[in-house]
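Here chain A shows up in two complexes: once beside chain B, once beside chain C.
Moving on, here comes the complex of A and B:
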């Protein structure tokens, strides 16, 4: 289901009449085409002003000393590559890149994907009520507004929060997680919040695998995990790669969860790139520097998007 | 699979699967249970536990114009405005994309698909600069338009998919009768994709309702801020003492979204609808 729907979605520019076997519309005049394209105009204007505009201006703004306060706020000057030079010589930036990578790998690639797959697989052999209740709970964490989820996660990991209360029951005195292990806390919180997406994608993908194939492999003597590794996984590899790409992109732009739980701290110990960009721009009034970080994030996101779009092109299969 | 379930090993598998699910389920439930229990607890702490004294005080305490109702009204204006604009603009845009073979369609659709992948949080600094230039900082209208623009790429994809599944033959009949493009769209196509439009509306509304970062950066005066931001300031001011009120307010703010999610799964028949939508 997941794959087929995304495939139809991605048949770009195919005329529905042709798909349904009807006659192709004859080549119209340019004027008629312009009239027919007219309903696209509001969308084009909104996207150009509010999405393309900021993206383009950010690539310009990153080369200025734009600031919220002081002389630079009144007269913004072109400073060339200085923001990028400052950025790369500031020890906080490489650290932030590293933290972002840790966050991406820990929570998106390993956490959400593996746990989502475990849930989807376990649900296929579980009792119906268990499946219903657990999927409702997991989806609940995903549907909750991000600020509320962030508070709930904060309360769970706080020094006198639920996790330490549970550890106390077995006689362990837990550390102050948000202070001593900030990255681990935000990674686990993001796994909690985001796994539902992978679970839904993988559940749909698994239900598309014809049961005859795994059954015949079983008759041939393949054990459970062998069937999974050599039959099921290759059959749903497209869903896996799509899901990896999407969860990575979603995780790349997580701000609220980290900001509410740790504020990027202690110090800069959990300042992933979106948090660092926010702090540079708004707390330290270095708009130019914040913009430079934003452009780097946009480029990373853009590269992911291109890979994603190319991988999903209908010709690719 | 059916073979496996009848064998003894299959029963073991079933027990293991149920156990694994139950464990994950409990772990996932705990942070949410805290919200629920703390909101009814007169002396709530950060740790989950049955209230020593059940009370509705937390709810009555936050249900004032300044604390709850004005922020919720602002959320409604932001999310509702954003959803209306997004749905109108994407239905309009989807029509030529779905019905005609125009030269502009492929680049537009690739551009939109590219837009769905933009990390919006990375854009907030440049968006702030843009809003300063346009003098739109602290403007609800400006924030609504920006929220609409960010939800458009996904909404256009979803709407186009829903429109593609409406058969074109009915429109051909209308065209023969001399109906214009807009008449056909409003009278023939839209009624046939009502539930699809409903799904897109709810999807966009939920996203805008839950959005924290955009209004946090773009709206400054407290009387214009939506609930997501006012909860955060409330947390900063009273967080250390009033956990019960914080939880109660969070619950009030979450309820519409949870209700809409249930509605959207009904409308589209399955909890996968939104994930499918997110997938494009």
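Moving on, here comes the complex of A and C:
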């Protein structure tokens, strides 16, 4: 109680923090805060162990020669940047980054978001039974577990699969989709699987747009697409950013779908970063190198997140 | 506040309990855990181990055998086994181990030496000397007891050959003869796949050994110079072998690349294409007929009337005229076993004369025990044993180094690049050379 201001405060009988709004007095209050924070400790420890731990250990693992077999499995050594140097000098790696971006932009940013928005807008003005049927179908694909959806998509695109059987009915001999157009097949499959999420987000956002505003724009003579572009989109901008971020992060981590449908092939033609990381770590036993790829995936996800979060900032209004 | 504290404490306590569970359950001395592969047509080992389990438990009071069949294609089997071995709580006591994995798994510290045990094991004298070598680690100690060996050659369908106007018996003398015969089949019998050579990443070691090395060891070059202890890069033989793969897959003489890149293609070849007469020539192993025996997954009583074998010729018919590759699998003991004596008893029981004979017959293995090889029941059991045993004279073994497993993967990468047309054989060979240098270092390679 050496602080004179606290003494004054006590005399006046007012909590000094409330009166001055300045820095908190030290001593007793800090101790009380520590006691209050104590129950949070298990949560913080759990977060550190289960969330931060794997991230840190993967960053560390990327700097080692960890391996599934051979001498490196017994005594793992620190190798500095070697994994990254190897990676950047490997011609498969830039191709893999490119394929990941193609997959991300094609299936998440353009496919799921645009199609989800179109469905959400279309369903607002459609009849109730149509709305019910369409949303059941779309959400059905989303409800399927990833592995089930992957096998379904494989069965659809396989050479003697459903798609080619349908094409056969109209006399067209379809190509071997998974072999001739592997990226297009996995992109379409991911759009099919993920659109429902965007549709639900956008449906919710659209229903929050006050009808008076669009109505008054209509009175002012704005046409349908103008109302959508100048009124609706700016008003649901936050939802768009959030949805872009969520679908981006989900899509970056898609592994099962690509692995089941094409195995990353033929050759390396659909080896996105998660597939490449799996292959290096578990096929070729190079855990360290696989972890380095995973770290880069983490960075790519981080970069996209920062971009979206900046777009979300209130100052941007 | 009070409620929050309580629930947080509960969550914390629960998490501690959960994480405690993960760490516990380490191996115990009364259970022998046996990890092995069971996949597709390969169920003979599963049968053997179930019999041995019963026999073992009857004679060893208080001990239990836990069989852990790993249902995965070969490369995934290696991965899963390595992952099991990385944790003391899952490491097996006994494992089914490919001879080519022994050295790298010894380096990784997964396997226990068996020299002391075989010193007191009378049966060991029955094993052929080269089979005894197959289970050695780089340190010269013994780590695996071989179950049988194998050779590889061309299997062909006599009926399809007759229909296509090709001679039976077929005696190709060069690679070109093989490609010509395949081209004749393609011409005469549309709808029949002329020739299958395993290739590409999904086939893993089957592609590297059964496909690529069956070719490379028939050229004037080799994969590894044993005397200099260096890996060969930039060799013409490597490019030529890749060219053969390109000729087969880009030339329409093989299955379509998407069929060939299906992880199940080995099962399809043995269980569907050959019995149904949809494939004319298969570059495959001595064990193939195991699938068609009564004990196999796809019994085919007429197999020996329809199928015949020809040795794989060298590239231009150079000496010794034919080539083959040999490998084989062993039973090995995990280094973390709590009861090594019991684990050894299990291995010794599984590979005694009767069990070895039963397994070699059921799985069409070339016997590595002289008492089995001489047994009339064994020699009479399968018409192809004599042919495949005769290839032992011209057979090759894979480089016995702990780097081989990784380099084998790079071979499959090169194969897949040429079979899909992504790279020319020269480009794929150059990429392979670079990858090998990355694995073993420049100083451990030499120009071919």
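Throughout what follows, the second predicted complex is superposed on the first by the 255 of 317 C-alpha atoms of A that agree within 3 Å, B and C clash if a C-alpha of one lies under 4 Å from a C-alpha of the other, contacts with A are read in each partner's own complex, and residues count from 1 in each chain.
By definition in this document, a contact is a pair of C-beta atoms (placed from the backbone, for glycine too) under 8 Å apart; a residue touches a chain by one contact, two chains touch by 3 or more.
It should be emphasised that the depicted structure is a prediction, and the values quoted were computed from it without experimental measurement.
K.L.:
Contacts for A:126 in the overlay, against chain B (first) and chain C (second): which applies, first, second, both or neither?
P.N.:
Touch status of A:126: first partner only.
K.L.:
Mind working out whether A:169 is in touch with chain B, chain C, both or neither, as first, second, both or neither?
P.N.:
neither
K.L.:
Which partner, chain B or chain C, touches the larger number of chain A residues?
P.N.:
Counted on chain A, the partner with more touching residues turns out to be B.
K.L.:
Examine A:42 and indicate which partner it touches, taking first as chain B and second as chain C; both and neither are also allowed.
P.N.:
Both partners, chain B and chain C.
K.L.:
May I ask you to decide whether A:282 touches chain B, chain C, both, or neither, giving the answer as first, second, both or neither?
P.N.:
A:282: touches chain B and chain C.
K.L.:
Per the contact definition in the header, classify A:265: touching chain B only (first), chain C only (second), both, or neither.
P.N.:
second
K.L.:
With both complexes superposed on chain A, which partner does A:86 reach: first (chain B), second (chain C), both or neither?
P.N.:
second
K.L.:
So chain A touches chain B in one structure and chain C in the other; where do those two contact lists coincide?
P.N.:
39-40, 42-43, 46, 49-50, 282
K.L.:
Taking the touch rule as given, give the residues of chain A at its contact with chain C in the complex, in rising order.
P.N.:
Answer in residue numbers: 39-40, 42-43, 45-46, 49-50, 67-74, 86, 91, 159, 176, 178-179, 263, 265-269, 279, 282-286.
K.L.:
Which residues of chain A touch chain B in the complex?
P.N.:
Touch residues, chain A against chain B: 1-2, 5-6, 8-10, 12-13, 15-18, 20, 22, 24-25, 33, 35-40, 42-44, 46-47, 49-51, 53-55, 57-58, 61, 66, 115, 118-119, 121-127, 130-131, 133-135, 137-141, 143-149, 151-156, 158, 160-162, 164-166, 192, 195-197, 200-201, 203-204, 211, 214-215, 218, 224, 242, 246, 249, 252-256, 260, 273-274, 277-278, 281-282, 287, 290-291, 293-294, 297-298, 300-302, 304-306, 308-309.
K.L.:
Any idea which chain B residues touch chain A in the complex?
P.N.:
1-5, 10, 13-14, 16-18, 20-22, 24-25, 27-32, 34-35, 38, 45-49, 85, 88-90, 92-93, 95-106, 108-115, 117-130, 145-146, 148-150, 152-153, 156-157, 161, 164, 167-168, 181, 185, 206, 209-213, 217, 228, 231-232, 235, 243, 246-247, 250, 253-254, 257-258, 261, 271-272, 275-276, 278-280
K.L.:
Which residues of chain C touch chain A in the complex?
P.N.:
For chain C paired with chain A, touching residues are 1, 4-5, 8-9, 11-12, 15, 19, 75, 78-79, 82-83, 86, 101, 104-105, 107-110, 200-202, 256-258, 261, 263, 402-403, 405-406, 409, 416-417, 420, 422, 431, 438.
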